[in-house]
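Right after this note come the structures.
Below, chain A partners chain B and then partners chain C, in two separate complexes.
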Partner chain A sequence: MKKAIYYINQFFGQIGGEASADYEPEIREGVLGPGLLLSNLLDPDIEVTHTIICGDNYFASNEEKAIDKILHDLEDHYFDVFVAGPAFNAGRYGFACGAICQAVQERFGVPAITSMYEENPAVPIYRDQIYIFSGGNSAAHMRKDLPVVANFMKRTMNGEEHLSAKEEGYFPRGVRLETFHKPPVISAERAVDMLLKKLNGDEYETEIPMPSLKGVPPAEPISDLSQSKIAIVTSGGIVPDGNPDGIQSASATKWGQYDISGLNELMQGEWQTIHGGFDPSAANENPNVIVPLDVLREYDREGKIGEIHNDIYTTVGTGTTEAEATRMGGEISEDLKKSGVDAVILTST
Partner chain B sequence: MGIPVVQMANIVSIAKTIGANRIVPTVAIPHPLGDPLLSETEQRKLRHHRVGIALDSLKTNIEETTIFEVKE
Partner chain C sequence: MKLEIGNFHVQDIVFGEQTFYEHGILSINKREALSEIYEDEKITYADLVIARPGESKRIVPVKEAVEPRCKVSNGSLYPGTIHPIGTLGEGRTHALRGSCVLAVGNKWGGFQDGLIDMSGLGAEQTVFSQTLNICLVAETNETFEQDQQQKKNKALRFACMRLAEYLGKSVKNMTPEDIEEYHSQPVTKRNEEVQKLPSVVYVLQVQSQMIEDGYNSLLYGWDTSHLLPTLLHPNELLDGAIVSGSFMPSSSKISTYHHANNATVKALMREHGETINFLGVIVSNLNVKMAHKKRSAKLVRQLAKSLGADGAIICEEGYGNPDTDFIKVIEELEDAEIQTVGMTNECTGRDGRSQPFVDLSTKATALVSTGNVSQVLHLEPMETVIGDLESLARDGNSGGWDGSVKEDGSIVMENNGIFGADANAGNHYKTVVEF
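Our next item is the complex of A and B:
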């Protein structure tokens, strides 16, 4: 039989209400409160061996201490899965469930599962790290929400294939897995079906939802171009011949920084593109079609700009995830600012 | 304080969707600032023109996503 450990707050742990919210974390054998229901739902596949109880205020005010104590207590016990909540729409409880699930999952490598109302502020913070099931907004939903969690725990522990986040009922984590469509309908037919629905003005559901992006406000313009240091950044994969940093041709996780000081242009044979998303022949013949150093030098000589930054920055923008792109963009920006760059030309392919 | 960035992009609609603020359209995906059908001189002229627009966009005040049009 698989073993589970269950985290609940002081209220569900029957210590008390708001007056007991400073209750320090404690681990107990067996179950109480909603743990009895969970235990019944999991029987006979999974046994809930222990319950951790912690006051919501204690966790919120002493997060690091609370997590350390709980992780320390857990070291003495073997368990296959960790479960917390449901936290419904309780903000402090939601953050505690999210934080402890993430910490336990990281330390012990077991799946960590919780449940919250969609507007619980902890949902956007932890949803991509752990399984957060979409639950009701108050404890009145306990009997509805806990069976969903228990069912997922049982199926996970039995090694059954997971369905999509939507079918399972948890908030999408932004992870894509390959799977066969059930029933088997080829993608061309599904795409045509969607198109027909769209043309008829009917409801249809995309299979590839676009991430909603937080834009950044436009930066202030530079006041005097002739005094400014300009840098070139590209997602077009222009690298020194041989790709010294091994930047990937697709789904890149690396970026490179290359010295172009003293170069009037990027010469054929000395530079190449390693971008895997287009025919590279034009860019390999003349790399300036992606990194326009030749004409930027002209503007430099004319005095239209103050100077050109000594380095160019490169990555590959095909199949690259938003998360990786954001990280790389942040790292490149840091270097640009450290180098006193005033403005950037970003070329994309 | 952020520093201004101009994205030189062929698929302007994507640049807009992902939130680029200053955009200058380019020629094609594999050769954004060149065109193998043109002579070397013509290509360089084209590149000079578009990079010039890009540089000017960096000193232009904008309130929202702005596409800086090119002549050729």
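Our next item is the complex of A and C:
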């Protein structure tokens, strides 16, 4: 039998209403309030061993302290899954459920599940991190919302495969992964069906919603290039011959840093490109077409730039995911900053 | 233009004294088949191995798939490649349905090659686990590219086409078990009822990004990087006008098998005259230079507009950089008030949290997803490996890396390296959803 621990606020924990909203977090053995319903729903697969009660006001005003105390209390107990709420449309309760679920999931590595109304302001903040089930807007929906959560908890604990967020009933967490269409309708049929609907002005649902784009603000321009330290970073896959660090030719997750001090240019045979997305012959013949060290050295000699950083940084861009590129860019930037680099020439292909 | 494809549904394949087909059994005279293969001096070693659905067999590195077929009338298969130039899309073609010839390296895989598991966890990833596969396992003297990550694989791929035709010829003079008919009037000669239906084009963007010859998809034997968007009759595509290229990561690849069995085109032909007026296939390309991307996108739009298209389905054979060509075409067509549906695969990362395409557009309102190239697969060992398992880890496979192959024969890899997995031509029910 698996074990669950349940978080509720002061009202559902039968401490009191708004007047008791400053109730400090405490952990109790067993269940009370909606925990009784939850227990019945989870029986016999999961046992709710403990209940945590915390005032919504206390949590809102002392989030760090509240989380610390609750995590500390939880350390004494073994549990397989954590559940909180439902918070319905209650903003403070929603934030508390979201925050405590995220903290517990991070610390203990167990799935953390809650439920709240789609307009609860906590939804956009926490939906990507934890399972937030779509629930009703008032406590009148308790008897509808809790069974959905309980069912998911049981199936998860039994190791059953999850369906899509939409099918399960929780807010999509921004995780797009493969599945097999049920029933098995091939993509050709789905495409023709979608086109016919679109042509007839009927409603249809795209399989890939276009996400909103997060922009990156550009840095300030260089005031005096002749005083600046310049580094070359490339996603064109230029590496020392033999690719000593085994950087991948597509879907890269690694980057390399290579010393070019004393080199006037990159010589054929000493460097190669491992980029899997274009014809490599030109770059292998003259690696400077991707990492323009030869021209940069000229600029240096002519005094156009202050100096050239000792290292180049390289990875491969083709098929590399946005997430990995962001991480690698961040790591490379750390080194650039440490080395006092003022500006980067970033080459792709 | 009328094309009849006469089907012979293969139930099993065996080796025997003669190459013939009877009652669902394809029998192959291996010696005779191989002697045809060896006619190309570039082939230094060749063997044939059968792999059936459900068997504990892992096939890697797979370079191409071709359906065993023969032209009974009106032309030759794959003109401009294994046969001289001629036209396609009319007359009778016979096909050994349910079977497939795979070109497999005996050694030396590459970025563009793929893996097929005939059973187990990995089988459902690709529809090629469902065909009776005749694996042509071979080595060539193309040593110039032996240690190149990107391989043209020319000898093997062309041998695959020739072997497929050799087998297809076994049913040339027989009566098919059933016949698929693809029949449509020339565009301006269609009757009033059909003209009233919404007009639709299918835009096929094939892999064409390599500069050197020998890697890109071929249209009537012509390198598709050198073409401007052009109109093809659907019958031509279904009859073998396009031969697959050799550099795109394998799950995105549209093999020659799937070009001739393009499920989207078949579905559109079925709807033709009923719900749509299917105008034809616009073959376009995926380019490297921005000017070329724009040129092809704008000419797709001009062609679609001139034809009077109301709607379009766009298929991208690729991911990453080609997403920009895909999105450009969608935007151009939507701007011309042509309703679009795009179908392609995504690259959302192993954790699924990266944006699906390199380029996005709010005008891409209707999209069908065929898979995630980054999907991590942990696959159990198979009893038999056809080909070279180490090629997955050693030769720069797009879905493999150093460490992909474990000592016990189990593997960990990305869907990117599964042969034809995402089937952007529409042939599979694998998709991507949000969790």
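We adopt the following convention: the second predicted complex is superposed on the first by the 222 of 349 C-alpha atoms of A that agree within 3 Å, B and C clash if a C-alpha of one lies under 4 Å from a C-alpha of the other, contacts with A are read in each partner's own complex, and residues count from 1 in each chain.
The rule is simple: contacts are C-beta pairs under 8 Å (C-beta built on N, C-alpha and C of every residue); 3 or more make two chains touch, one makes a residue touch a chain.
Keep in mind the model is a prediction, meaning the values are calculated, not measured.
Undergrad: First (chain B), second (chain C), both or neither: which does A:344 touch?
TA: first
Undergrad: Of the partners chain B and chain C, which touch A:280 in the superposed model: first, second, both, neither?
TA: A:280: touches chain B and chain C.
Undergrad: Pick one for A:244: touches chain B only (first), chain C only (second), both, or neither.
TA: Once the two structures are laid over each other on A, A:244 reaches no partner at all.
Undergrad: Where does A:124 make contact in the superposed view: on chain B (first), on chain C (second), on both, or on neither?
TA: neither
Undergrad: Once the shared chain is lined up, is A:30 touching chain B (first), chain C (second), both, or neither of them?
TA: After superposition on chain A, A:30 lies in contact with neither partner.
Undergrad: Of the two partner chains, chain B (first) and chain C (second), which one does A:192 touch, if any: first, second, both, or neither?
TA: second
Undergrad: State whether A:16 touches chain B only (first), chain C only (second), both chains, or neither.
TA: The answer is neither, since A:16 touches no partner chain.
Undergrad: By the touch definition above, which chain A residues appear in both interfaces, chain B in one complex and chain C in the other?
TA: Looking at chain A, the two contact sets intersect at 210, 213, 277-281.
Undergrad: Could you list, by residue number, the parts of chain A that touch chain B in their complex?
TA: Chain A reaches chain B through residues 210, 213-225, 228, 230, 233, 236, 277-283, 285-286, 288-290, 292, 294-296, 298-299, 304-305, 333, 336-337, 341-349.
Undergrad: Which of the residues in chain B end up touching chain A in this complex?
TA: 1-10, 15, 17-22, 26, 29-34, 36, 43-44, 47-48, 50-52, 54-56, 58-66
Undergrad: For chain A, which residues are in contact with chain C within the complex?
TA: Interface residues on the chain A side: 162, 164-166, 172-181, 184-192, 194-196, 198-199, 204, 206-208, 210-211, 213, 246, 248-251, 274, 276-281, 318-319, 321-324.
Undergrad: Can you tell me which positions in chain C touch chain A when the two form their complex?
TA: Those in contact with chain A are residues 111, 124, 149-150, 198, 200, 209-212, 215, 249, 262-264, 266-268, 271, 275-276, 288, 310-311, 313, 319-321, 339, 341, 343, 346-349, 351-357, 360-362, 364-375, 396, 398, 401-402, 414-416, 423-435.
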